[in-house]
Amino acid sequence: MSAPALAPPAPPDQAQARAETRRERKRRERLEERDATIPVELYGLRQGTVTLLTACCVLFAAFTLVPIVWMIINSTKTQANIFSSFGFWFARPFEFFHTFANLFRDVDGDGTYARWFYNTVLYSVVSGVGATVLAALGGYGFARFEFRGARLLFAVVIAGLLVPITLVVVPLYLVYAKVHLINSIWGMIMPSMVTPINLYLMRTFVELSIPRELLDAARIDGASEARIFFRVALPLMVPGLMTVLLLSIAATWNNYILPLIIFSTNNLFPATVGMGLWLQHAGNSGDTNLFPLLVMGGLVTIIPMIALFAILQRYWRGGLLLGSAAN
Amino acid sequence: MSSSTEVIAPARRETAARRAPGGRRSAYARRRGRSGLAFVTPFMIVFMLFMIVPLIYAIYQSLYTTKLIGGTTFSGFANYSTVLRSGPFWGGVIRVIIFGGIQIPVMLAIAFFFATIFDLGVAKWGRIFRAIYFVPFAVPIVVSSLMWGFLFDPAYGPFNRFMNAIGFHNFNWLSTNLMVPAIIIIAIWEWTGYNSIILYTALKSVPRDVVEAAILDDTPLWKIILRIKLPLVRPAIILLVFINTIGAMQLFIEPTILNNYQAGVVTNTWTPVIDIYSTAISNGEYQLGAAMAVVLAVVIIAISVASLVFRNRRREFT
Amino acid sequence: MSAISLEKLTKVYSTGVRALDGLDLDVGDGEFVVLVGPSGCGKTTALRMVAGLETISGGTVRFGDRVVNDISPRQRDVAMVFQNYALYPHLSVAENIGFALTNKKIPSAERQRRVRLAAEILGLSDLLNRKPAHLSGGQRQRVAMGRAIVREPSVFLMDEPLSNLDAKLRVQMRSEVLRVHKAIGAATLYVTHDQVEAMTMGDRVAVLHGGVLQQYGTPRELYGRPANLFVAKFIGSPEMNLFEASVSGDELVLGSQRLTLGPAETVLAPYRGRKVIAGVRPEDLELGGGAGGAALGADVRVVEMLGSELHVFFAIDAPAAAASALAATAGEAEAGLLTGQTLGGVARLDPRSAVRSGQRVTFRVDPGRLHFFDPDTGAAVR
């Protein structure tokens, strides 16, 4: 009799319980990390030293944050105030929204920031996803198959790490001129999809986290190679995929020299090249009213990347670079 | 065994695939090999088209010269001899070597210092510090150069004002003499956090019981860090030296951007990549630019190989 | 006076896990004490608290009459051999062994003398220039011991030092470890999960379970007079047979069978008319009924020939010890495992005995060799 009466409140309770456990898991992980690190006293450090070291950390954190804080503060200022007011404090009038709105307009005839930003997102996401797909397939192939020429092919790719990008970018421009890829977004996206480091990271990840026996077991069960890849390997590759995705997106997001060379239409520029152009004009002509836009543009450019890293950081496996599965 | 296998075997010597007892690859192994090839093919095709082809094309182009009158002709190593005898080009190479020679050790020292602090768990809020230090990695170099350009600006940058306020009049961070140090500061800002996190990961993989054994042996902290942990993360440090060197040799964005705050310091030949860019793209002498790029690649590869040789000679453990 | 004494030693990790609960233990001068228990029972935790590597949540650790709770492990003068040896991978064998001495600023000549001596004791003299990566498991283990003994410590701790070796080497190293222990004479606390290792090596053995000390005594005491069901089950292989029984008059009722108790009867007086758990070691079952003991009829299920002895698995109609009783000492998982296992037991017989599976046999049991345990608490009834 009382059971039905009690039933309705159950779902929210359950939801809360689930939220609890997630928080509890975080807590437990933190506590376990604490238990797993050697207590500082055992090193024979005095409290004074600990304080000093913490102070060093604070100092370097301040150094790291200075330019970003400067940018945040100055994104609220007028052009005149950027020049004349104290750099690390706010000054009236509060121009943040006005400047932000200007990002959507073509202020000086060079182009619209919003357009460049859109291009950046487009190039980064498409090439990031493409790079991840290629690296996943290739890394898996190199890590778990033996075939003629595998070593040679892999060595060639790794040697690519040593090749300066300029050695590729300059001739790319010449090749593009021949095949009409100048001012084509694919001219930007395709080369961004084949970073040797991605293949190396993915192969390392597969070698460390997907046992051969698992794949052999699936083969004995009669699964096709494609099915094994998609149903068995891929789900286990998620942290590696996320790391590669993050790195590829960041690399394209930050890329400057390739778009600088292959694009001559302002409309195709990514944000980095567009802002470079603005800065050049501001420097050359003294057109300083572009400065608030540059500050704001810089801020808008970095925020999505910081957010992306923050969101995906639990998948981040920087240790792959060292050939270990640690994060 | 039949003679046919004798003929086939040498051609296939390079393959690591398992063979059937008869010395021939089994049909199964061949099928597996084919699927392996299928997996790597997409990457390899794009890699070939957008990396290898341009590379070969660059080398090919570097052997030709285009004249206003007479068109394009094969000129052998003429472009290379121009590059090798170009004072400004080597001046740029030396500049980036000096830049890297200072920036990389300083940055790695700072990075190792903080990685050690994180690893020891000495500082409170280690997670927060790690997150903060990593932020610059997410900032495009164009943007970080832009920010630092504002901070260093000779006319109104807060850093110059600060130097003026403490008595250094007419101080200019972006002057001819200070441009390299200024870029070193920027590069340290950009890369220390990333390097520090990588080193932290490496330090974390030093087994806990090894450190505890050292503690029971009454080893002083400095000795635990320098005599036990440092040698154990040396492979990671070498890798980072390697990566950072390749990056430093290609210095381009920071000086290009800073040039807009202080005209005249960063010349067209200030770094090799700037030189290549202005030669090949701005001046249109792309064959000469290609030759410069090849020479730069050789310099980078030489430095990398030298460091690898150094690493192998000193290898003590695996 | 004991070299090491632990009093109510307790560890609660910050996750809330109570890894060790009120451990009392003393190790005499030059004594070799083994701490044994299943994995996760808190052995390593206890050892690490003695070393000073883990903070103490409660209780005291004394070396001699000195309380060392707040003394840094650096000053405790303990040497420890870790389960994974914890060798310095980048240092040679000689450097590994001599590392602690460099910290003590011992002159190089003296250091080398001591390193050579330790290497000699351990048979490492030819390997002094090797790196750990180029040593076999057994050699690494010796280096770890060498690193500990050069320090001439007053307290010697070892955490499962043999568990990473293969079975044959493990047996060989047991006597090796004891020989080294005799040579240096330091009070030693030795941790293992292997009861055979504990029984063969320890002067005294402490059985730990769920962070709680079950029994502390000589191997003979543990085997002959287990304090509770857990110790009875844990020590000895094959395990002691345990049956749920009831006491009726001067007889023990085991399913449909009745065993005459004889002199053991007085001990069981409080259990008259109630249930009790009766235990008998496999070697205390002898083939053939009749004279001088109670008889137990059984159906042979499986016969295992080991060469030197015969293990005869049999069934009787008495229920195996109930889950509740074992849970009292053994924890739930363990209890499930124990009851699930048998509705009978095993006897250890002369290999020449003619026993076949399917056969009906009668075992003779000396009632004096029976062990009794309280079904609720699991404690031995004596």
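First chain written, first letter: the chains are A, B and C, and each begins at residue 1.
Criterion: contacts are C-beta pairs under 8 Å (C-beta built on N, C-alpha and C of every residue); 3 or more make two chains touch, one makes a residue touch a chain.
Note that the coordinates shown come from a computational prediction; the quantities given were computed from them, not determined experimentally.
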| item | value |
| --- | --- |
| Overall pattern in which the protein chains touch one another (line/ring/star/complete/other) | complete |
| Selected interface, B-C versus A-B, where C-beta contact pairs are more numerous | A-B |
| Where chain A and chain C are represented by their mean Cα positions, the distance between them in whole Å | 53 |
| Chain A and chain B: spacing of chain centres that average the CA atoms, whole Å | 18 |
| Chain centre separation (chain B, chain C; CA means) in Å | 56 |
| Residues of chain A touching at least two other chains | 34, 38, 42, 44 |
| Multi-partner residues of chain C (at least 2 other chains) | 53, 73-74 |
| Sequence positions of chain B contacting 2 or more other chains | 212, 215, 220 |
| Sites on chain C touched by chain B in the complex | 51, 53, 73-75, 78-80, 82-84, 86-90, 99-100, 103-104, 131-133, 147, 151 |
| Residues on chain B engaged by chain A in the complex (per definition of touch) | 12, 14-18, 29, 32-40, 42-44, 46-47, 49-55, 57-58, 61, 110, 113-114, 117, 120-124, 129, 131-144, 146-151, 155-158, 161, 189, 192-193, 197-198, 201-202, 204-205, 208, 211-212, 215, 220-221, 224, 235-236, 239, 246, 249-250, 252-253, 256-257, 259-261, 263, 273, 276-277, 280-281, 286, 289-290, 293-294, 296-297, 300-301, 304 |
| Residues of chain A that touch chain C when the two form their complex | 28, 31-32, 34-35, 38-39, 41-42, 44 |
| Complex contact set, residues of chain A against chain B | 34, 36-38, 40, 42-45, 50, 53-54, 56-57, 60-61, 63-68, 70-71, 74, 82-84, 86-88, 133-135, 137-138, 140-142, 144-153, 156-157, 160-175, 190-191, 193-194, 196, 199, 225, 229, 250, 253-254, 256-257, 261, 271-273, 275-276, 279-280, 282-284, 291, 294-295, 298, 301-302, 305-306, 308-310, 313, 318-319, 321-322, 324, 326-327 |
| Touching residues (chain side chain B, partner chain C) in the complex | 207, 209-210, 212-220, 223, 228, 231-232, 316-318 |
